[in-house]
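Take a look at this one; I'll ask things after.
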Amino acid sequence: MKPLAEEVAKKRIAWRIAQEFNKTESPLFINLGVGIPTMVADYITNNQVFLQAENGMLGLGPAASEEKKDRMLINAGRIPITETPGCSFFDSCTSFGMIRGGHVDATVIGAFEVDGEGNVANWIIPNGKQLGVGGAMDLVAGARQVYISMTHCTKQGKPKMIETCTLPITGHGEVDFVVTELAFFRFEKGRLLLEEIAPEVTLEELKTMTLAPFSRSQNFRVMPVPG
Amino acid sequence: MDAAKNCRKLKAIDEAIGMIKKGSRVLIGGFGNAGDPKKLIEGLCISGTDELVVMSNDLGSPNEGLGKLLSNNQVRGLIGTYYNWNPEVAMAYNEGKIFVELVPQGTFAEAVRAAGVGIPAFYTLSGVGTEIAKGKEEKTFGEKTYLLQEALKADVALIKAHKADVLGNLVYYKTARNFNPVMAMAADLVIAEVDELVPGGELDPESIVTPHIFVDVLVLGGGDR
Amino acid sequence: MDAAKNCRKLKAIDEAIGMIKKGSRVLIGGFGNAGDPKKLIEGLCISGTDELVVMSNDLGSPNEGLGKLLSNNQVRGLIGTYYNWNPEVAMAYNEGKIFVELVPQGTFAEAVRAAGVGIPAFYTLSGVGTEIAKGKEEKTFGEKTYLLQEALKADVALIKAHKADVLGNLVYYKTARNFNPVMAMAADLVIAEVDELVPGGELDPESIVTPHIFVDVLVLGGGDR
Amino acid sequence: MKPLAEEVAKKRIAWRIAQEFNKTESPLFINLGVGIPTMVADYITNNQVFLQAENGMLGLGPAASEEKKDRMLINAGRIPITETPGCSFFDSCTSFGMIRGGHVDATVIGAFEVDGEGNVANWIIPNGKQLGVGGAMDLVAGARQVYISMTHCTKQGKPKMIETCTLPITGHGEVDFVVTELAFFRFEKGRLLLEEIAPEVTLEELKTMTLAPFSRSQNFRVMPVPG
């Protein structure tokens, strides 16, 4: 297979995760990280899905247009956003209370590495150039479900799903789902299951690009992709 | 302005900043340049007061906002969550110029609140099994292991609110609220920069976020939003 | 009423009460007959659901309000702070009919919040050196000894708010607020009795006390204030 | 000396404590318990004194008149009260956060017994008829200063200031001041000092009615009483 263009890959990942949330019949509360996770919002069509931002807001609307930008109304990635009817503001402590208390149904985050034990590394590459953990550890430990959204391999073609994380981890065994442009994985009782595979990739090809051991789910199928 | 005349807590910026001693632990509100007390930070930079331990979510950008305190060599150490927006922090840390204590953001917010409400320590799941857990006490409740986090108390808090009444009751503006209300509880001296001062009784008693019991000094900011 | 039609969370009292199982741990808001969810309590009494562990500040008065649950033999135990207003509690306890766990009021409120925000336990000075401290773990921070208090989590919370919007955002009324906002965070199922239901977007986003993420079911109360 | 009429004694105690608070030049935040403590409010003349109620209010006004009574606006003793400009409402958790966090400058409470080590017993008489602790332990442990307001002896003439509390204590070594109709005491570094003695009582008489050992303060004087 030929690798997908990066923008196509990212959109596919965001779209696929959004479909999971769009299925809900009751209110669903989601926290979206920076990068691909933010793009998930573009594909939410169910009005029972509500977005939470850890800097203190529930009910985020889309990014603000240039003339509506308000520097005091931003998401956790510092992007000016908008309000929705019924939104609310609260302090950081209450916000992380929601997260740590298990009230936020899911968080979608990016990752450098995910391993076969459900560990995720997404907060630091130890090269001395960055110092920051932010809300990643709280989100991974607190949200009911953790979705990892990432391209399957690095730009250099190195698999991101590996046997054991080499980078400092963000959370221990906290990952529930991994969605890449090539596949949809689920962790069940510590085992990694392949739920879906993208139309243009074979199982053999996927295995060469996935160093974390996995088995096929009973419901294994071809991954739906945006039309 | 009538409200200003009737406000015993109102001070000029330099007078308020003059209350901060060298070497203080200073909580500073804000997240990603929203809700940081810009005039107070400017004043603190001008004052040159140094050896400060700055406790905040981030440190602004290089030589901008809180970042300027670092460029000015006024910082002895940082306790906070996210310095990726200001690469000068990692540089200063690598050079051994400052100490940095990284705390997960939710743990940081809760530890500041804890200091404010007389809780010396609490347990949390955030960071268990990670580098952040190194050196921290652990304890098991039910089936899970948690980390002990001690309260983060400060000498001074510099916060930003939208409106204050003459007593010092505060309300905030959208996501500029962030860490400010918890920091208002957790320091011996709390200085709030506000966009607007209103007469007593003008804020709805049901909607006051920070009651005036927590606020010592008010200064007027630029209404910079 | 338009708001009611658009509200997916709105249920009839008996339907809401029907969701509470025998033997549940039930948080119930209110302090001294202000802010208790009267219609829900009535409904719970009528339902006859028993073996309940009631977690509340007080237990109303004999055979009145929450007191009626006790007269009806629906109570297996109480976790709370102040039963002097209802002498039947001490009687039932002395006769071995119910267990009672007395918690200092501030510790009770904080332990309920802790359950809601994912804190399994915290330390507090309240009650150190008293009978309340018996059997509790102690730990020293600085020069003082503190007691370990575990979170108080419940299956159900019955709370009272003043207004809800159709999503379930809540605001309260004066001192009827008391324990209700913290209880709203600390149960698997949260049922809020409200005086009034308003359309979405009608409550000020800056003044919402309980965001709808915490609320599962709404019922209309009598507006009994 | 002849014992004072109970009402006179109570008013004197409340008045004397109020004078301490009326001296303040900066905002002072006070929590008043039930009984004599509530009466302290009647003698507050300084507008920098603000009352806090642990059921979730700052800035309490006087008791409500019959036509202004609102059952949803009460103090911690269940008495309908009124609002003052700049008052605010908050939840019980925040309220006790103020108390435990040391933001409330003083609490005034009643007591069954106070002993020479600054212990106070005011929450229960173990006779099986009552079960309740309320906010007493939080107030005693959290407020910066603890004022005990009580008649010097029981109705049966038994001293309430004793060597060691016989009833279950509310707090260990937490008492700062004891004000009775006969005297004003202060604890300093674990020692009980007599600051003031009422005009109609001699030191010898006071000693017979006070079983907790005390010494005279350097500033010892006759206690001011309401005119």
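Chains: A, B, C and D, in written order; residue numbering restarts at 1 for each.
Rule of thumb we're sticking to: a contact is a pair of C-beta atoms (placed from the backbone, for glycine too) under 8 Å apart; a residue touches a chain by one contact, two chains touch by 3 or more.
Remember, it's a predicted structure, so these values are computed and weren't measured experimentally.
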{"item": "Pair sharing more residue contacts (C-beta pairs) when A-B is set against A-C", "value": "A-B"}
{"item": "Approximate Å spacing (C-alpha centroids) for the pair chain B, chain C", "value": "32"}
{"item": "Computed distance of Cα centres, chain D from chain C, in Å", "value": "30"}
{"item": "Chain centre separation (chain A, chain C; CA means) in Å", "value": "35"}
{"item": "Residue list for chain B, restricted to those that touch at least two other chains", "value": "110, 113, 117-119, 124-125, 172-174, 205-206"}
{"item": "Residue numbers of chain A (touch at least two other chains)", "value": "89-90, 96-97, 99-100, 142"}
{"item": "Chains touching one another, given as label pairs in label order", "value": "A-B, A-C, B-C, B-D, C-D"}
{"item": "Residue numbers on chain A that touch chain C, as the complex places them", "value": "26-27, 29, 50, 52, 58-59, 83, 85-90, 94, 96-104, 142"}
{"item": "In the complex with chain C, residue positions of chain D that touch it", "value": "53-57, 70-76, 78, 89-93, 95-97, 99-100, 119, 128-138, 141-142, 168-173"}
{"item": "Chain D-facing residues of chain C, complex", "value": "31-35, 57-58, 81-85, 87, 89-90, 93-94, 100, 102-107, 109-110, 112-113, 124-132, 172-182, 209, 225"}
{"item": "Parts of chain B lying in touch with chain D, wherever the complex brings them together", "value": "8, 113, 115-119, 165-167, 169, 185, 200-201, 203, 205-206, 208, 211-214"}
{"item": "Footprint of chain C on chain B - complex, ascending", "value": "110, 114, 117-125, 139, 141-142, 144, 146, 150, 171-174, 204-207"}
